[in-house]
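Dropping the structure in here first, questions after.
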Amino acid sequence: MLFQVRMDVCLPHDLDPKTRSEIVAEEKQYAQELQRAGKWPHIWRIVGEYANISVFDVESNDELHALLSGLPLFPYMDIHVTPLATHPSDINA
Amino acid sequence: MLFQVRMDVCLPHDLDPKTRSEIVAEEKQYAQELQRAGKWPHIWRIVGEYANISVFDVESNDELHALLSGLPLFPYMDIHVTPLATHPSDINA
Amino acid sequence: MLFQVRMDVCLPHDLDPKTRSEIVAEEKQYAQELQRAGKWPHIWRIVGEYANISVFDVESNDELHALLSGLPLFPYMDIHVTPLATHPSDINA
Amino acid sequence: MLFQVRMDVCLPHDLDPKTRSEIVAEEKQYAQELQRAGKWPHIWRIVGEYANISVFDVESNDELHALLSGLPLFPYMDIHVTPLATHPSDINA
Amino acid sequence: MLFQVRMDVCLPHDLDPKTRSEIVAEEKQYAQELQRAGKWPHIWRIVGEYANISVFDVESNDELHALLSGLPLFPYMDIHVTPLATHPSDINA
Amino acid sequence: MLFQVRMDVCLPHDLDPKTRSEIVAEEKQYAQELQRAGKWPHIWRIVGEYANISVFDVESNDELHALLSGLPLFPYMDIHVTPLATHPSDINA
Amino acid sequence: MLFQVRMDVCLPHDLDPKTRSEIVAEEKQYAQELQRAGKWPHIWRIVGEYANISVFDVESNDELHALLSGLPLFPYMDIHVTPLATHPSDINA
Amino acid sequence: MLFQVRMDVCLPHDLDPKTRSEIVAEEKQYAQELQRAGKWPHIWRIVGEYANISVFDVESNDELHALLSGLPLFPYMDIHVTPLATHPSDINA
Amino acid sequence: MLFQVRMDVCLPHDLDPKTRSEIVAEEKQYAQELQRAGKWPHIWRIVGEYANISVFDVESNDELHALLSGLPLFPYMDIHVTPLATHPSDINA
Amino acid sequence: MLFQVRMDVCLPHDLDPKTRSEIVAEEKQYAQELQRAGKWPHIWRIVGEYANISVFDVESNDELHALLSGLPLFPYMDIHVTPLATHPSDINA
């Protein structure tokens, strides 16, 4: 079951640089594990913004919230979720 | 080069039903041709709305506008385009 | 799996009154069948508006879109869907 | 008398972690007492957000404001209230 | 129990003038009956707009919706309701 | 001459608690003096929000601005003013 | 007493051209009478829009609403009123 | 003196096709004359929309409004103007 | 050439009071010099807000930006500029 | 391939003045190098705002994001990108 997820990152300017680097590194590792597990099939950077548009593939709303709220950057992001369904014109559907 | 495209369809209530059916059928054929050509790799229905979120893969902005303005439903849609770049955490990049 | 759904109805003022009555009656029957089937556990009127806030309980995004796009009033409504998850403070969870 | 209430939590990043934990624990206890008392019949997490959509069942607007302004997280939340009425298609009404 | 209600009127330009006059006259009579009954204690015109800001005094959300949806201009208005509570600084409270 | 005034209070979380208490106490005294003077005939709490909807009765725009900018909480509030006129359906007009 | 008034004109495309010309001519005459009477001291066109920004000088909110609702184009305009006060830096105040 | 101008075209669906073609042809001729005269140095299509972003080079606000309100499509467009100044980092300034 | 300018002031709550007084005093002097020079013919306070609506009379966009960016409060203001043209109904035009 | 880019700068008020000067100087140098390289053909100041409207000319979305995210002011800006296509009325196209 697919969901579009938009994440806008807003790190405080006075965040300790070491803390910042650690969180960003953890975020990358976390994101890549979910991609390898097939839970996060698409992630794109929005041009010009510290933001991404992603697609998640999960079993349930609860699973999706668990994955998103577990993101190391979760306290510093605005996240918006849009549920997706099969489109009748999709040749792969 | 990837772009996210959101399309919201708004057909007038007094549109002739036959005309309507024809346009919708042409739209489906047009969309499927572009999918087969690799130009329109993803199309999803937004749950509960007469709208889709799509990803296009094109050579240039001009090509993208040509494809979108050629949509049979173009005069009846609000379209918003977001340019996408490779995300540094993307394991396939 | 639960989703909040807000529906705002906007019937054209020049709609034929008989057609209007029929659609509204069909909508009621359709809504009550889904309630009896357990798919639509809550429906509330928003005070002062021709609109409702509902909760749907479905197996998937695809099922939810099928139910919503089948509403007799679907062509005359703005619908917005919000996916819901279990809240950690919910005593029934 | 039912009201939909949406609460968006925004805790300052520099809040003392111990204070933060205490407030969140008090909030949970407060929320569960109101649920047990029948005042707060529904609480759902909005997927991907530090926010909830709830339904309150109270005797009056004054009672609702007293309950909401008593929330331990009240100073850190944006709250929006929507009054609900019985829907004519509700099979339980 | 008090509610602020804002009503914005939008009559179609092609409405039959006689129908229009009748609806407006019925609206006035209806509004004045509710004022006399103590249900609609305040009604003010918003300067420069075909709109009003009102205060209603009712027993319940259901009563308020019944009164508002019974307005002869209801199909031609956007209505927004805000529930009000006693203010701690109110000298009359 | 009547004006609707909406005030949304936003006190900084790191405001000294003693300063905060003093400002809030001064605000209450100030608001009650204006009520007694007939300048501030209505004040209501918006349910669930640290905000009020009020009605002021003044001689001029200048007087209204003097009263509002003199509020002890003025530096911490977003204020929006809507000028009101007599409504033709008002039975007391 | 001064008020800023913004007026956006939206004439229906299918309005009879003769009716349209008459309304626009009446509007001009009405606007110029109010200017000569000192009630409408400033009127400016917003560049690129069928809209104006004006300043009115009136005795009361009721007078302002009477003037604005008497505009021949009133049924075809969105009007927004902002009450103005003397600015402490104004050298003419 | 430069201004950015955004124009969104919204032609009514029931416009006579011949009228439509004539207006669009006149618009093109008008736009090209202004380009040749150096008044309209840039015009770009917004990808996916029936809209353009342009830059005008004029002597005054009055001249700009005269040019824009003379556009054959003016009654069918939403236009928004942003005044531009020399940027201190511009190597050509 | 006239421009409407709206300025909303937002001074940080933790600004040093002496610095604050100095900036506000400098702003007043600067504003009055421009008024005397005929560059800033109108300045009005928006009732209830720390904001003003002004009209500037300048030779060019560059001159206007130079004047506005030179305001002592410039770093603490949101400014929005609207270019104005002569209105065809203006009796003084 | 052209893109319109709007950049709004928001430097924290408590940023160290020396740091601030250095970043702004680096930004200017960076912007001028890209202009000389033909990547950033237009940059204009928005009158009254610490913001610019620019046009970039790049080979791909990835190149554009690399250029924008490399801006020394990137952490302090809101950036919005609009893809542009050739306009059919452009005499230079």
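Each chain carries a letter (A, B, C, D, E, F, G, H, I and J) given by its place in the written order, and its residues are counted from 1.
By our rule, contacts are C-beta pairs under 8 Å (C-beta built on N, C-alpha and C of every residue); 3 or more make two chains touch, one makes a residue touch a chain.
Labels paired with UniProt names: A, B, C, D, E, F, G, H, I, J = Muconolactone Delta-isomerase.
For clarity, every value in this text was computed on a predicted model and none was experimentally measured.
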item: Comparison of A-C and A-D by number of C-beta pairs in contact, larger one; value: A-C
item: Chain pair among A-B, F-G or B-H whose interface repeats that of C-D, sharing over half of the contact pairs by residue number; value: A-B
item: Cα-centroid distance, chain B (Muconolactone Delta-isomerase) relative to chain I (Muconolactone Delta-isomerase), in whole angstrom; value: 45
item: Chain centre separation (chain H (Muconolactone Delta-isomerase), chain J (Muconolactone Delta-isomerase); CA means) in Å; value: 23
item: Chain A (Muconolactone Delta-isomerase) residues counted as touching two or more neighbouring chains; value: 2-3, 45, 47, 61, 64-65, 81, 83-86
item: Chain A (Muconolactone Delta-isomerase) residues touching chain C (Muconolactone Delta-isomerase) - in the complex, by the definition given at the top; value: 1-3, 60-62, 64-65, 81, 83-86
item: Contact footprint of chain F (Muconolactone Delta-isomerase) on chain I (Muconolactone Delta-isomerase) as seen in their complex; value: 13, 45, 47-50
item: Touching residues (chain side chain B (Muconolactone Delta-isomerase), partner chain H (Muconolactone Delta-isomerase)) in the complex; value: 3, 5, 12, 15, 61, 64-65, 68-69, 75-76, 79-81
item: List of chain D (Muconolactone Delta-isomerase) residues in touch with chain C (Muconolactone Delta-isomerase) within their complex; value: 2, 4, 27-28, 31-32, 35-36, 42-47, 52-53, 55, 82-92
